[in-house]
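Same chain, two partners: chain A is paired with chain B first, then with chain C.
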Partner chain A sequence: MPYKFLNKYPKKFRGTGIIVPFGMAVKRMIKSTIHRPVTIMYPYEKEWVPDNYRGRPGLRFEKCLGCGICVRACPTTCIELVDVTDDKGNTVKRPQVNIGRCMMCGYCAEYCPVDAMTTTTDYELAEFNRKDLIYDPHRLAFEGTNEMMEVHISEHLLSNLAKGITDKPVAFFETDRPVLDDTKCISCQKCAKVCPTSAITMVVVGTNAKGREIKHPIIESSKCVSCENCVINCPKAALKIKEVL
Partner chain B sequence: MGYCSILEWIFFRPWDSIKESGYCPYSDYNLPYMIGLRLSEIILGFIGWLINIFVPSWSPENSFLLSPALLNGTAVVLEVVIIFAVGFIINLTMIWEERKILGRTMDRRATMIGPLGYFQCLGDGLKTFCKENIAPRAIDKKVYWWALSLVIGSSVLIACMVPLSDRWYIVNYDAGLMVIFGLFALAPFLILSAGWAQNNKYSLIGGMRAAELMISYEVPMLIMLATTCLMAETYTIGGIVKAQFDTVWYIVPQCLGFFVFLVAAIAESERVPFDLSEAEAELVEGWQTEYAGMKWGLIMLGDYFRGYTACAFIVILYLGGWMLPGLGCTPVPELVFIGKVCLVFAIFAIARGAYPRVRTDQILNIGWKVLMPLALVNLAFVIVLKTVGWF
Partner chain C sequence: MNENYDTDQMWITMGPQHPFSHGLWTLRVKADGEIITDAEPEIGYLHRGWEKECENRTYAKIIPMADRLCYSASMTWSHVYCKVVEEALDIEVPERARYLRVIADEICRIQSHLMWLAAVGTDLGNLTVFLWALREREFFLDLNVRLCGQRLTTNYPRIGGVRNDMPYYFERDCMRCVERFEKAIWEIIKLTDESSTFVGRLKGIGYLKAKDVANWGITGPAMRGCGVDYDVRRDDPYDAYEDLEFEVPVLNKDNPMGGDAYSRYMVRIEEMFQSCEMIRQSFNKLKTIPKESPTRIKVPRCIPAGTHCAKIEDPRGESIMYLVSDGTEKPYRLKVRSPVFVNVSASRHMVKGVRIADIPAIMAMIDMCLGETDR
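Let's turn to the complex of A and B:
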């Protein structure tokens, strides 16, 4: 029996089963005539897109520090830090995105410490060649960026949610910050040079046997954004991030 | 003799004088013929007036342009064009209606071009018209082209032979139903020969399926036709319509017959769920596989002409034709008829959206084990009604 839905009818009246699909079709027709079909005529009319839509990444140029967290967070490695000139004529580092490789995950916006990277509502990204798919930092700017386009790291403990606590678990006195292993530091000052927020100041802590000054980095916790640039660039691995557990 | 005013060239003759002139082919008032006559009076009068400007000796009295023979000849040609054009427009409306209904049953939008998407069919027609005319090398050329033209031609012919009202017809046959159904049943033979001529296995299977389809639905359909003629005691279309106006619509006593005729009519016009011979999914358009471009477009148009004829016959036989109960012939019986045809065609279109295609082994069962007994039961019921004397 090819029509399984007929099985629920008594055998005598199975011939009337042709009414069921007809009735279904009429019902669907009336419904979609009253409420309009679910499809839309795409190039002429577009669906409403919420502000937190994960479209292409956008950049607020002035807010960006050039720390490079987005570069490290990107799963497809489509972000690259490039040198550009800002409005004042200074050369600064800003992310450049290869949209052809971007998978719109929004991790760059999520991990950005100052929320300079955002997701945008722009999803029509077709171009005629691959070169046009590379968005330089100025082109990444999106008009009408608002706070809904920012993506925040919001981690919740399931046990807290079960108790009805929706606040973010934040440690008030400690956050993840780089700490120094004094014995390894060679006073090279590289960490202070690479710090995008200039949170690191070198402080003289003494003199060595040859009479030269020994400098150790002091990290100002209020300025630090935990970008790990100092940790990566330290030649002797004297710095490491201390995680708050 | 000299210049005559345009009003002396263009004037409308009354119907009685036209009938007495001896050239008029109709004894009753015929609307498309009259429209054709008025148009030819305007066109020929205008040409005569233009000539009269330069040739003053050319006057309305001695000009052959306004002679009844030429006027009637032009009128008949224009009448044919008008009848075909109206059928064509009804056809376009039905295609539009079907696409809209199919779109709604599938919860999507349908046609888009023009007001409410009405001009989409014209766009599609233009597109198929621009395609290259390709015919395979290994075909039977004579049969290939003749079968194609006869399928399209017979479809258009029967569609144009359907009267829209008692004043809109080409020929008022005494046996109008018989003639139209004789031509209606011609298509499967032509489809079979077209399928053979294309030298393609899909086309051949499609053509054979068309023949199989015809064996199964033709007999119950003709029994239904005979039943209705028995009930109305006439073979003329006008007589059947008038008999329904005098009693009730035949869908009331013959609701069983209406159902049988509906199914058989869908099969006759080879539409889903009885489109075995096309069967796009299995047979890649079946017997139409090797007909490319505008040939396919015309075949599709012919299919819709056949669908229109099937709907028109359901309206004539069961739904009271161009008359409305209580009102009789409204001032525009043609529009009433077209409206009813479109309503019946909506059933066709919804059925197309609702049902899967019938298998080849099921179609004979449906024809001979379901439709045939139902048709005979209906015939017996009608005979009882006639014997009792209620109709």
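Let's turn to the complex of A and C:
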């Protein structure tokens, strides 16, 4: 593969005058006078953004489990789980995002096991005070955009969101499962309480010397989203995440 | 009059608010009239504690942080980080991801060099070059948006592959953009390379010999402009570079004077053409790999204890990351070797003997980026 620039321009012709650059500038001037302008009237017209654009995070409220994977995946720790009321009047945990700290990396959408977190095309995020930059779960909702471009991506596409397609894209991190160390378990049932998908059921496996029941958790693999809440909350570290590679 | 009072030499502080310093840094120069006799770069205004921050993050969370090392070479910085972790884990990246990384890296190299060309234009008082180069750069940033979702902070490479496969029609758009660029860059070249004012300001200043390059540890286009034939992409190939055919531009191989600022300019322009060629070849190779093949493999969270080093060719030089892992899911230490940090240390050598008005022209050829220099 020969040089393209270094061979084409012999050394002696370099820097010979100002006529050629001046001619180029005049040519471009005439061109840009005839053709339509490159710039757009920004606040009135907007630049086209593709479907996989990583603007602010968005949330699909009804899909979210409140598992907290996004909280742990966030590099800037701008997400926290808060208690909110849903449509049925129940108090549920949903992520709240501090947009002022968010660096739009898209990890929350990438790691979300049910694709409730999405990245949106919303990029005009300026507010008059910092309080307004904190988006509560209801405000995070994003209705989606029109179909623009299909993209190979693990997150949920916004055009699909608008069309109501809820097919789950390929999950990448969902194969990790918690495993139990029987000798350490103290039958406290904490794991069953914190599980967002109620995949854990406590099963009586016997009685101890005092006649009390010994209960061990059984994890239903189809329900588990590998959020690791049980692993984090286990007081005796009896549960451990087992990575499937 | 006191005859012993030394008035013929004085220290002038250029920066941190001087228009030639792209970013916050200071070049203190000792001037004898108009001739520079000594110089001293001062950096550290943008120190963010990047390396220490990394010790507090898990391995996956450092990738978007590595994007922030340099605003125009974000792809190569997150790439070198992923590469050092992959070396620590001893895993192979899927073949499709290897080519996608090359394409992403070369798009990044072209847009970084165009940003440099725009900066050279303003430094030398040619605002037309600035506007035209940034116009061309915009097309490559649009490709970045299509591929990765963001213009500058791409967050595209992942440990064990890339974030996503390329979108539909990306190949068509990318090749249109590259073919358009290969024609449009000649307009800019005619504006710069045929102008006697532009070339006259770059020629014959800031000489560096091959010996100085070795002594100061200069890498990148500055090194290749001085006759040292070395490129990490060719001599220590990573990812898919060993399957590609490309030429490494080297100038002034037999020149006893070494390379001047103008030769560094020429090397960078030629590198943009070679990058276009690499993108074209990568797409041709990607056609042979089935679309269903994976672009990413799953990696364990914890990395076995040990020390690892990875280097890749940044647009500015050779960037190295050195990782010390202690077996947990966070790095024990992550050291960054920034090419600009090393190149700017040679500024004393380069500006000695030139006039004050030549300093912007010499320093523009370093392609200063303070984010990676101060970290």
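One rule holds in what follows: the second predicted complex is superposed on the first by the 189 of 245 C-alpha atoms of A that agree within 3 Å, B and C clash if a C-alpha of one lies under 4 Å from a C-alpha of the other, contacts with A are read in each partner's own complex, and residues count from 1 in each chain.
Definition applied: a contact is a pair of C-beta atoms (placed from the backbone, for glycine too) under 8 Å apart; a residue touches a chain by one contact, two chains touch by 3 or more.
Only a predicted model underlies this, so the values are computations on that prediction, with no experimental measurement involved.
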First, second, both or neither for A:128, with chain B first and chain C second: neither
Which superposed partner A:54 touches (first chain B, second chain C, both, neither): second
Greater chain A contact set [chain C / chain B]: C
Chain B versus chain C as contact partner of A:42, first or second or both or neither: neither
Contacts of A:21 with chain B and chain C, given as first, second, both or neither: both
Which of chain B and chain C A:243 touches, first, second, both or neither: second
Contacts of A:33 with chain B and chain C, given as first, second, both or neither: first
Touching both chain C and chain B, counted on chain A across the two superposed complexes: 15, 18, 21, 24-25, 28, 38
Residues of chain C that touch chain A when the two form their complex: 57, 60-65, 68, 128, 132, 135, 145-146, 148-150, 153, 155, 163-169, 182, 187, 189-200, 203, 245-247, 249, 251, 266, 269-270, 273-274, 277, 296, 298-301
Chain B partner contacts - residues on chain A that touch it in the complex: 15, 18, 21-22, 24-26, 28-29, 31-33, 37-41
Footprint of chain C on chain A - complex, ascending: 1-6, 9, 13-18, 20-21, 24-25, 28, 38, 49-50, 52-54, 73, 75, 103-107, 110, 119, 149-154, 172-173, 175, 243-245
Chain A-facing residues of chain B, complex: 101, 103-109, 112, 350-351, 353-355, 370
